[in-house]
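The data blocks that follow each hold one structure.
The two complexes that follow have subunit A in common; it is paired with subunit B in the first and with subunit C in the second.
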Partner chain A sequence: MAEFNVNLRGVGSVSVIDVKGYLDAHTAPELENVFNNLLDQKQYQVVVNFDDLKYISSAGLGVFMAYVETMRENQGDIKFSNMKENVYNIFDLLGFPILYEFFKEEKDAIQKFSEQV
Partner chain B sequence: MNSAENIFHKEIVVKSSTDNLSQIRDFTKAAAEFSGFSEETVGKIILAVDEACTNIIKHAYKNSPDGQIDLSIKLENGKFSISIIDHGVHFDPTRIPEPDLKEYYKQKRVGGLGMFLIKRLMDEVNYYTLSGNKNQVILVKYLSR
Partner chain C sequence: MSSNSKILSARGLENAILLSVLLFLFNLIFPQHDVVVLMIINEILVFGSLYFLYNYLHRSLAYKTDSPLSLVLNAGILGALLFFILSIANSVLQTGKDGKISFSFFNSLLFIILIFLFIAAIVYIFASFRELFFLRQKKDPSTYFSTMLSFFTLSFFSNILIHFDSSLDYPRDAFFYVTIILIIINSIRVAWIAFLTKKQKYYLLGLAVVLSIVFGFGFALIIDSKIGQMVLSFSPGLRTIFSLVMIYGMIYFIVIFFTTLFHLPTAEAFDRKAQEVTSMMDVTKLMTQVFDFKDLADTITSMTTKVCNSDSAWLITKNANGIQLNSVHNIGYVDANEVSDKVLGSGDPSFDQIEIIDYEALFADRKYKEHHYHMIAVAPLEVHGKINGYLFAARNKEKPFDVDDRRSVQTFANYAAVALENAMLIQESIEKERLEKELDVARDIQRKILPVNVPSSKELSISALFVPAFEVGGDYYDFFELDSENVAFVVADVSGKGISAAFIMAEVKGIFESLSTIFSNPKELLIKVNEILKGNLDRKNFVTAIYGVLNRKTGVLNISRAGHTPILKCSEGSVERLQPSGIGLGLDFSNSFSNSLKQLEIQLQNNDIIACYSDGITEAKNSQGDDFGFDRLEQLICKNSFKNLDDISNVIMKELSLFSQDNSQHDDITLVLFKWIKQ
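After this line comes the complex of A and B, so read on.
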């Protein structure tokens, strides 16, 4: 079974999701649960830290597509940080850099939210 | 490499559960690495096979874990081909349009991304209907490219 872990942290008003391991059709529901909890708590400013993510398939990318609109409608966003090249290449292949912001460092992604207020 | 070394053939049969995707990836990875592909290309092949099997689990078997997926990988004269056969509902991949990401994002439609990725990641993708209500997709990557 694929190993996947997801952890949620609060950094000021921003929710940081750490994803670790393999994000595929089997593990994507775990990430969906975290996003559902954020919506329940009206937390719309989200940074996803990919530092420990080894693999992603379209099922994982689909999670971000499913939630980003709601976040943006509520003055929030989903921003990405610390992505490995092999993972970024999949996002790039699907045109995500046009629609999402990518940051090398988590703190820069968090900082971007405070600039928007 | 002589011709004898440049040939192999491996098969596995798995149930149509997303739980088995990691096993499918490991099987594909071992075969692609053995065939001499670069790390980057091995990654592309693994993802394409994952996407094809995910589509089968979701669409052909409609998330029922009791279906069967037959994976067969062979290398012959620099042609690395993966045959994936299911016994589920036939779907016509040519009827699925290439996704416009902005439209997808607006409509929250995420299903067609896998098909699009497979086409981008592999050199050839062909779909067949076999006798006995079986569907087959053959993914091809050439060693020389």
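After this line comes the complex of A and C, so read on.
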């Protein structure tokens, strides 16, 4: 069974989710739990740090699609950072860069939120 | 010896009846036995009757040992009956003027019947005592009893000696007293009393008082009364045995009385232990019968209250998402949740053995309490060293959980843990089976959706390869003959797996099939598909697709890509990766989709190959976790471009399986190849 870990931390008003390992149909519910908690706490500004993510499947991508609308409706967003090339390629093929913001560094993504406000 | 005793038991009743009849006839012929020989014969006949009847009775009574009280009661009733008959007979039997009994025919007959009654009754009483004696004995105490039997026999026959010389009464007295001592010794074995319930013990106590008195009077009557004298003159041995049995009864019931009296204080504790044992047995039985987790949990909580005499009980299990309350007994869900949160949240959250918690102290900060408990016992549900949950028992009363309570709750929890684990495993395997059935259905849907034939022609050779993954991956491809020149094709991949992917696939097929007849422009068609999918697709689902229209005559290919893997074009040994922009279907329903979607127009050259495929190929992994990737695929197509399409497919599939041989196939694999041959 592929390993997956998810960690949530707050940087200012922004919630940063660190994802690690393999994000697929079996591990996606863990990430969904984190997003549900964020919605419960009305945290809508989210940066997902992909630094340690090795693989993402279509079910993993679906998690972001399921929550991004709610975040945006509440003046928030889901932004991506620190993505490895192979993971980025998967997002790229699907056209995610047209719909989501990608950043090299996590701090840039956080910075972007403060600029919007 | 054993075979001998078998014969005796089989013939016991017949022998007893035979001897009784002989005794009866003998006494009709010789009403008085003044001659020694007659007396001896009579004694032997009496003893034989006693012996065989005893042999028969104690075997038939052996089945009654489950209910010692009924044995006692039967013996007691017979004892009382004997006492009654003795009293009546004293007045009914006619006596002569000299006080001696006249041996009229009527008297003889009545007397013999009485004698038979006596024999039957004392043998039955004695056999009952024997069964009680052997009841609940761990070690075999038969030696003691056999010794006593021997002395009964010796006492019986020692009476004969007196007939020869009246000074020879000391052996009889000696045997008589030794027998009484043995009776006392044997009477102490009353272990069965401990196993009676409290109610039964009270009942037995009363019974013992009455019966010890009855047997005492019985003894007095047989020793010192007219009827006693009659029995003595009929058979001295019988009178000895009679009095010995009466003494036995008296002593035995006195012993029973005191033993029961001493057992009374522990009766309640014993009752509870017995209840625990019954509950434990019920649980072990349930383990093999109840597979439904909820039913089992309910049974466990309701039994917990019985096992440890608590007022409420509830059960929680731990899983990945935290703790879950499974069942409550005599407590509300909200209250149970509150208490368990408080208990497990305070201090060490995991107890590896039973703990007793002071409820008052736990809720000391609370002024108003809806539920009043004093003590709560928390026992872990442990299986294979892993704690799966906790069993709670709570008491309203001030009575604390003592060592026994704790032990029984923990033992009960151990059994319950195994039972729950079993139920869980069974549920899991049922679930797994259901999922597998579901996957069968999904695979079936997919198989029916995919085209059976490819529309190859002399200008356009087409090859389609599809290898399904175990968990249906959601790959879909199709061909539509638009007219004599144009053939359209779609290669798509539905996100997700299993039955849900299969249903979306079916939906998508319907959409493409109907739109292909309306739109000949791939971009327009894909925009329309995206519109239709809006509202028909879960937010987290999406579909990647390539839609192309190829003119067989001119070799012009119009193609659009909605998030799907790049199209490969191999022309004269070199490969081009075509990735016109376009986001996946269902990702976005705003203008971004139509704005970003591009359409490529490609003029194919003779023998050009176009490859469309799913990410099942490029994302196939080897043991190191590397992807098969685009480069390998491109090179393979290039190197083999001179071959026919099916051979190219086979080569790619062979390489792919070599590459990922240590890994199972995670996703569907689809490879659709086109080769245009200029006419």
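Points to keep in mind about this one:
Operating definition for what follows: the second predicted complex is superposed on the first by the 117 of 117 C-alpha atoms of A that agree within 3 Å, B and C clash if a C-alpha of one lies under 4 Å from a C-alpha of the other, contacts with A are read in each partner's own complex, and residues count from 1 in each chain.
Assume contacts are C-beta pairs under 8 Å (C-beta built on N, C-alpha and C of every residue); 3 or more make two chains touch, one makes a residue touch a chain.
Please read all numbers here as calculations on a predicted model, not as lab measurements.
Residue contacts after overlaying the shared chain place A:95 against subunit B and subunit C alike. Of the two partner chains, subunit B and subunit C are each touched by A:66.
Within the superposed three-chain model, A:39 lies out of touch with both subunit B and subunit C [touch as defined at top].
Touch criterion met: A:25 reaches subunit B and subunit C at once. Comparing subunit B with subunit C, the partner in contact with more residues of subunit A is B. Using the contact criterion defined above for the overlaid structures, shared-chain residue A:58 touches subunit B and also reaches subunit C. Comparing the two complexes, residues 25, 57-59, 61-62, 65-66, 69, 86, 93-96, 98-99 of subunit A contact subunit B in one case and subunit C in the other. Residues 1-2, 22, 24-26, 55, 57-59, 61-62, 65-66, 68-69, 86, 90, 93-96, 98-99 of subunit A touch subunit B in their complex. Taken in their complex, subunit C has these residues touching subunit A: 321, 471, 493, 495-497, 538-542, 544, 562-566, 579, 581-584, 587-588, 592, 596, 625, 627, 667. Every residue of subunit B that touches subunit A in the complex is listed here, in rising order: 18-19, 21-22, 25, 40, 43, 46-47, 50-51, 54, 57-58, 101-102, 104-106, 108, 110-111, 113-114, 116-117, 120-121. Within the complex formed with subunit C, the residues of subunit A that make contact are 25, 33, 54, 57-59, 61-63, 65-66, 69, 86, 93-96, 98-99.
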